[in-house]
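The structure under discussion is supplied below as structure tokens; questions concerning it will follow.
Order of writing sets the chain letters: A, B, C, D and E. Residues in each chain are counted from 1.
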Amino acid sequence: MMTSTGLVYLIALPLAGAAILLLAGRRSDKWGHLLATGLSAASFFLGLYQLSLMLGRSSAQRPIGQKLFEWISVGTFKIDAGLLLDQLSICFVLLITGVGTIIHIYSIAYMSHDLDRRRFFAFLNFFIAAMLLLVLGDSYLNLYVGWEGVGLASYLLIGFWNQKPAYATASKKAFIMNRVGDMGLSFAVMIAFATMGTVSFSGIKAAAEQTSTAALTGIGIMLLIAATGKSAQFPLQAWLGDAMAGPTPVSALIHAATMVTAGVYLITRSNFIFDAAPTAQLLVVIVGAITLLFGALIGTAKDDIKKALAASTMSQIGYMILAAGLGPVGYAFAIMHLLTHGFFKAGMFLGAGSVMHGMNDEVNMRKYGALRKFMPITFITFGLGYLAILGVPPFAGFYSKDMIIETAFNAGGIKGIILGSVTLLGAGITAFYMTRVMILTFTGTSRWDEKAHPHESPWLMWLPMAILAVGSVTSGYLLSNGDALAHWLSPLFESHEEHHELLPPIVVSALALTLVAIGVAIAFLKYSRSGVDAVAPSDVSILTTIARQDLMQDRFNEVVFMRPGQVLTSALVKTDEVIIDGAVHGVARSALGVGASLRGLQNGFVRSYAALILIGALALIAAIWVVAQ
Amino acid sequence: MSELAMQVGQSAAPEAVLFWILAPLTLIAALGMLLVKKAVHSAILMAFVMVALAVFYIAQGAPFLGIVQIVVYTGAVMMLFLFILMLVGVDSSDSLTESIRGLRPIAITAAVGFGGLMVSLLGRATLGRGAVGVEAANADGNVEAIAQLLFSTFVWPFEAVSALLITAALGAMVLAHHHRIQERPTQRQLSIDRFRKDSLGAAAGLPAPGVFARHNAVDVPALLPDGSPASASINASLKARGDLQNSSIFELGTVDTSASEEK
Amino acid sequence: MTFITPVLNYTLLSPILILLAGALVGVLIEAFVSKTLRSTAQLSITIGTLVLSLTQVWKIRNEESTLVAMGSVVIDGPAILLQASILIISIISIFVIADTDHFTALAAALPGSDEERHSVESGNQVTEVYPLTLFAISGMMLFPVATDLITLFVALEMLSLPLYLLAGLSRRRRLASQESALKYFLLGAFSSAFFLLGMAYLYGYSASVTFAGIRASVVGGSGNDVLLLIGIAFVSIGLLFKVGAVPFHAWSPDVYQGAPTPITGFMAAATKIAAFGAMLRIYYTVFANAQWSWSPALSAIAIITMLFGSLVAIAQRDVKRMLAYSSIAHAGFLLSGVIALNKAGLDASIFYLFAYGVATVGAFAVVTLVRDSAGEVTDLNRWKGLGKRSPWVATTFAAFLLAFAGIPLTSGFIGKFAIFSAAYESGAKAVVIAGILSSAIAAFFYIRVIVLMFFTDPVQDGTSVQIPSALTRITVIFAIILTIALGVFPAPLLSFITDLATFIR
Amino acid sequence: MMWLTILMLLPIVGAGAIAILPKKNEKLTKQAALATTLIVMATTMAMARGFERDNVELQYVEKYSWIPAFGINYALGIDGLALVLILMSTILAPVVVLAGWNESHGGRWSVKTFYILILVLETMMIGVFAATDLFLFYVIFEAMLIPVYFLIGGYGTGERSAAAVKFLIYSLFGGLLMLASIIALYVISGAQGGHSFDLTQLSDLEMSSTTQNLLFLGFFIAFAIKAPLWPLHTWLPDAAHSATPGTSVLLLGVLDKVGTFGMIRYCLTLFPEASKTFTPLILVLAVISIIYGAILAIGQRDLKRLIAFTSISHFGFITMGIFAMTSQGHSGATLYMFNHGFSTAALFLVGGWMMTRRGSSKIADFGGLQRITPVMAWMFFLAGMSSLALPGLSSFVSEFLVLVGTFTRYPVHAVIATFGVVLAALYILIPVQKALHGPTTPGNEALSDLNLREKIAIAPIMAIIISLGFYPSPLLNVINPAASHVIAQLGFTDPVPTSGGK
Amino acid sequence: MDVANYLYLSALLFTIGAVGVIVRRNAIVVFMCIELMLNAANLSFVTFSRINGDLNGQVIAFFTMVVAACEVVVGLAIIVMIYRSRRSASVDDASLLSR
């Protein structure tokens, strides 16, 4: 592998930005955001430069690495601080820095009234750096650093307005659920080291062949758990909705475009493990399928625009995970959907941010309506994203999502049919809830509070939206034209055998579009025709109620983990006081008691003392006599 | 030890007679010490035990010790005891009921156990050698032989005992000796004092203690005609030492006039 | 019968003889020196005598003889060490005894009487204390070097009688003091009767009154051992009484509390050395070959003593009583040195005795300083906040307590380590375990006192610390320095002891 | 050159100097104390430069006869393990002095006394790690209790004397058990070629397995009390709660390390067989400590107690790493000791500043500090992140090494212990949320942010926490030889990759 | 007659003396009981002296008498002192110091 000395700057630039802004404090208030944006952009251009270099090399020569220093080395456990830039990571690098830079720009305006804007930019920069480390690390442990780093960034940004207790709680929840997932990554590393003696990607790739399927399955499952945590997949999905507490640019960048897709990256990156561990792979698919529907269902019931989008994100990542679980045939599509999703979902989030910006930070869609007239640019960019997510040709989503549905059908047998159906159904529901969002927000009658004065956002905000909208429109075509992405990535994955086609592509597309149309139609009938209440109706079906409560996910966590945990905690606190410390005190007390009672012997009467001596003499003689016998 | 062939006394049957008469008496006397109420009776019984022991000493070839036992122990030490008993109150008697809960049964059990154990152990003792008798050692006379030992082999403890005697004397003095607090007044000074006092009441001499009361001890003040105690009737040094009886119990008003024999 | 002219070997006896002479001079001073000069004269004579005696001990340190005083006394390494220890302890005790008004102005005066008040006002002092102390010291010097039963008994009484008297001479709380004298005397006499009877049986068993003779019988065996066993038991009672081992300890809390504090310190330290010295000699030489018979019983007593002393001390509210129980516990620790019955045990015991003695005198000297208008304050509750009022006194006392507790860098730790390792080496593991356990318990109450002094706010009840006079100051400083020094650099003393401490038979 | 002796003497000299300074001039006293600790730190670093890191033998060896009668020497020497701990101690000392500039004011005694105690303690901290004579070690081990006892009891808050007593009694009890074992070792060594306390000689003793087990327990219990291992931990929360923050740092950061240090240096070296016998039990206790400490920390309402319980959890990790008997576990545990010193120091110091300002240690009394005192809040947050072993911070490296090292031999233990990582997130984030986030709690409005002195004090700690997270090699290179040496001596080799049974 | 009988007698007297110390309350009587114990021991000495055929036992007995005399002096002085202070010779009354 070629080595390079430049990779580190990709990370170092934003990291330096974060450090400077945090250490300089208020002094950098004036120029901090500019510096951060600049550094992010610089990193993006560096990425582009690396891409250009990469393009200039033959496909086998494309991956390049950089060993920075020996990080941990104990016995055979040797971890270098090393970076790896290959065809897969470059995609992420560009996505992260590209979308990241755009969102930086957007935020300059979006956060302009916030006193702590500088800190916000510091966190953003920090996030970029951590995310880059995640995708550039050349071993699981390096990845782990970035993995938790983005978790921290996410925590900090969700809780950016943590003076509101609910937001603080949301950030905490995100961090802790992520930690649960991270534990899976720890286990994966441990199993890998115990069985293969290495934790680097290349090392494991080489050793995987000699390793038993059981061990690989174990690693795979643990990686999956990690992925579910970071990517808000079932069963660790509950945090994502609450994470919308963060400023909207954060939602766009972290909780839509980049961080939450880290799970997809992890699974794709670990293709050599999953390919050899069918069971784990199957689980990946199942998780993806469940989440896909899960997120979609939640999305149908949410009135909070950001939460609706978050549910959508969850669902879309479900698609990606599912695709990644399909093995070599799906990796490229997973990544492709990831990239297109990065554009259109980020765009929509920014759009949502723009709406909120104009609506006094109102997030309830039932209090929107008819914003089309007031925010035309937002409407257009949002609409383009909408079309993309629906998978309407030729928008980006069409290319990526159809591929996934197609591949799912082609998975073979019952599995293929089920997966295909699920993905199709998901597409339909997606169409329904996204249409609902569109209708509630932009069309119909206005249901605003009197204080609201909707207006279009400044150019610093709409420009990024526009850029992303362009991406939403074009990226699908660009990436899939001539299987560009698939070819680009193919050296990384095992070549796959020709798959048999259950349904021809054109049929799949047709089916998908049909379902989308049905979804749109239902939404249109339900919301556009009959109008919308400003207050959510309460006489709704039990299903709606459950969906509004995120399918009871929080209730479940509360009943199964939180309450018992609290009981256990207080019980242990009591135990510690009463039993363990009590035992210690008990010993002390009994010694005191014995002392006090023996003290009674000393009654002050000399005759008693004499009696004691006599008894002692008797005992002593007897004892000596007995011993002597 | 009963199996021992210590039949020294076989030819000396009188010793056996002596022992069997005197030993039970000694034991009874010793037991009596514990059982009699009055301390002075105990002392008498003690003296008897000592004398009996002196007899045993003499019977066992220790005439010197026997005599010393009588002279020193019975004669001097017991007299000292009796003297102190007088001081403390010769008629004082102990109540024999036990006041410390549980002590008596413990004491009796311990005593029976102790005595029993001692006797049974002694019964098991065998020396592995015969009783020699002190006739050979006393060949030159008991006193001479003891003197030999005392002034040669045991001269060091003998000297050391002198330190003990001094200690005892010194100790007794420390505990009992009173200092003169003021200068002893001269006769002349006394006379002057007597006549130059505030009143001439003292000129004729101070009242004698206890003369009007029904008690003639020197530590009880005389009573004045009004029945109050005359403090001047008590020697000043007694007063200073605090050896003073509370005179109020002898005041006329409080005296029980019904004639009752004082014990 | 020819008279054998006794040969006394005065050089080797000289330390004791000097003391006796000093005591006699003291008695003469009582008779002939005017009151105003008496206390000065007595003090200087006493100190002079003690120092002279000590130098004499030093001079004869390398001489050995079993034949001193017609075989009544033996002078060997342990004898030198024990005598020197007793003398050093005595010297520092005398400073405290001499300090001020610890003793009654007139023993014969009734408590609370005019005569007593008068005597106090006239500045009267019971200067007889000095010769009495000297007599006691000479008895203590003789006790561990005696090699026949007679001398042993006489020495026992020589050391006891003056102490009985001294215990009753406290200036304050005289009733308690007198009571302690009575208790000490009655129980002391009671135990010495046992001791005497034990001697009789030993004499009966061996037909000898000398240690060598008895030892020969023990080694050679004569008949069965019943008389020996009773003898050992009864002699042990007398000795165990003196060291305050359970169940013969009952006198010590009462006497420690009632006696004048300087005497308590002196008694606790010096008597222990003397008694343990004699005990070591008797068990290591005379009874050594009968170890099988007494070792288990003595181990049991040691264990009970340690635990009892430590446990009961926890519940005490009076400093002097607490120290008394602590000294009971220490008797238990020291018994493990006797049980060890090896060279290491002997060395360790001697070191321990000396170190403990010094710390004890120091601790009691500190107790004398804490006072209110009515005299010493021994109620622990009134020691609260002492660290605030007089940090140095409290710190010093804390250091002594830490030494008692056996915290490293104090002499107590080295002593404990030495004595326990010796006991362990001889296989007395149970004793060591019990020792460790009771050390833990003991730490509890030592620390409690430290908490009272340092971590509790003072109560305003007139308790104050008297500025120590030069004499007491010397004692306290000497004791504290030695306590720390022996904890940090015990090597010189240890090797001195190791070189010297071998019993000759 | 007698580096170690000089190192031990320097604080004593400083203490002596402070003792003769005028009592009135408190500032001068503090400056003198700071200067002394800084000099010690500099000297340690100078010494560390000459350390040959690949040499597994003891270095800077000094040996003088101390008590020849018992074969006791004043013997010093350090290996990688000891060096690292000494470094930690001497770096923490000036930080504590500087951070707790005013800690000495609320005490029962003077400022002078406080610093004298601190400096005496520093001497002992160096000595206890440098001692290679068992007796010397024990002496310092026990004597150390005294200054700490007075520091807690004299300058602490709340139920300080009760806490101090509890601490002392607990420790003394453990120490006495150890003394029993030491006595036994001494006697056994006497029977096998002469009394000695030399570590290397003692480690060659022949003992029956019963003896070895009993003696091991004597040592281990003492150390398990020191490095509080469940269920011998109950003294720690009380002590930490009552002590001043600076004292707590020295207590948890340094003194408690003596326990884990002792396990390696004494338990493993002297009783290899017994160590193996008891490993299963100890690992279970360690795992319980990890989870138990974490859960209890979650349940605490008092900040200091919370931190104390987190330490119990952390010490569980260290113990587990030690007894996993792999080079990763061992090196990780050693590194963990070092890192824990700093992360706990950070938590306690910053927590201490918060508490001093607020006048309360209840978590509920804080709230919204991030808005009022951002720097302080950030420092607390960072310290917390270090405590929960965030990758990129120093404690992650050590914690992960311990887990990996344990997993290769005891996967089940490692898996359970890993749950502690999640709990760690809870016990840190709960107080972070309550104290730093949310609306400002009444009474907190006027709290002041860190001043320059405090910033200077905390800066080196943070620097160490962050830089060692990314670049722990300098320490690992020193630790590794020592750790593998111990493992090799015990006859262990790292498990080879199993390939999952293929 | 068996010489050992003296020993039995001695042991019994000693026991009686010991019990007397415990059961009697008058300090003087208590002290007399102690004297009884000493005398019992003396009897043993004299008897053993006869058994052993040397006079050492008699010498010890003699010393015992001397020592006992000294003890009596000191003891009685103490008792008198107590009596004067308390107006009581009961040992039970002297129990200020306890616990």
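Note that in this section contacts are C-beta pairs under 8 Å (C-beta built on N, C-alpha and C of every residue); 3 or more make two chains touch, one makes a residue touch a chain.
None of these values were measured; they are calculated from a predicted model.
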For chain C and chain D, chains touching each: A
Those chains which touch chain C and also touch chain B: A, E
More contacts between chains, A-C or A-E: A-C
Most central chain, judged by mean C-alpha position against the global CA mean: D
Chain of greatest Cα-centre distance to chain A: B
Computed distance of Cα centres, chain E from chain C, in Å: 25
Chain B and chain D: spacing of chain centres that average the CA atoms, whole Å: 72
Rounded Å distance, chain A centre to chain B centre (Cα mean): 103
Between chain D and chain A, distance of the C-alpha-averaged centres to the nearest whole Å: 36
For chain B, residues contacting two or more additional chains: 100, 103, 107, 110-111, 114, 118, 121-122, 127, 145, 154, 157, 161, 164, 167-168, 171, 175-176, 243
Residues of chain D touching at least two other chains: 169
Per-residue overlap in chain E, given as positions that touch at least 2 other chains: 7, 14, 17-19, 21-23, 25, 30-31, 47, 51-54, 56, 59, 63, 67, 70-71, 74, 77-79, 81, 84, 91-92, 94-98
Each pair of chains that touches, named by its two labels: A-B, A-C, A-D, A-E, B-C, B-E, C-D, C-E
Of chain E, residues touching chain C in the complex: 7, 10, 14, 17-18, 21, 27, 30-31, 34, 37-38, 40-41, 44-45, 47-48, 51-54, 56-57, 59-60, 63-64, 67, 70-71, 74-75, 77-79, 81-82, 84-86, 91, 94-98
Residues of chain C defined as touching chain B within the complex: 1, 3-6, 8, 13, 20, 23-24, 27, 30, 69-73, 106-110, 112-115, 118-119, 122, 124, 126, 128, 131-132, 135, 138-139, 142, 148, 150-151, 154-155, 157-158, 161-162, 164-165, 168-169, 204-205, 207, 222-224, 226-227, 229-230
Chain E-touching residues of chain C, taken from the complex the two chains share: 107-108, 110-111, 149-150, 153-154, 157, 161, 164-165, 168, 174-176, 178-183, 185-186, 189-190, 193-194, 196-197, 199-201, 203-204, 207-209, 253-254, 257-258
Contact set on chain D toward chain C in their complex: 65-70, 108-109, 135, 138-143, 145-146, 150, 153-154, 160-161, 164-165, 168-169, 172-173, 176-177, 179-180, 182-184, 186-187, 190
Residue numbers on chain B that touch chain E, as the complex places them: 1-2, 4, 6-10, 12-13, 15-16, 19-20, 23, 26-27, 30-31, 33-34, 39, 42-43, 46, 49-50, 53, 56-57, 60-62, 64-65, 68-69, 72-73, 76-77, 80-81, 84-85, 87-89, 92, 94-95, 98-100, 103-104, 107-108, 110-111, 114-115, 118-119, 122, 127, 131-134, 136-138, 142, 145-146, 149-150, 154, 157-158, 161, 164-165, 167-169, 171-172, 175-176, 243
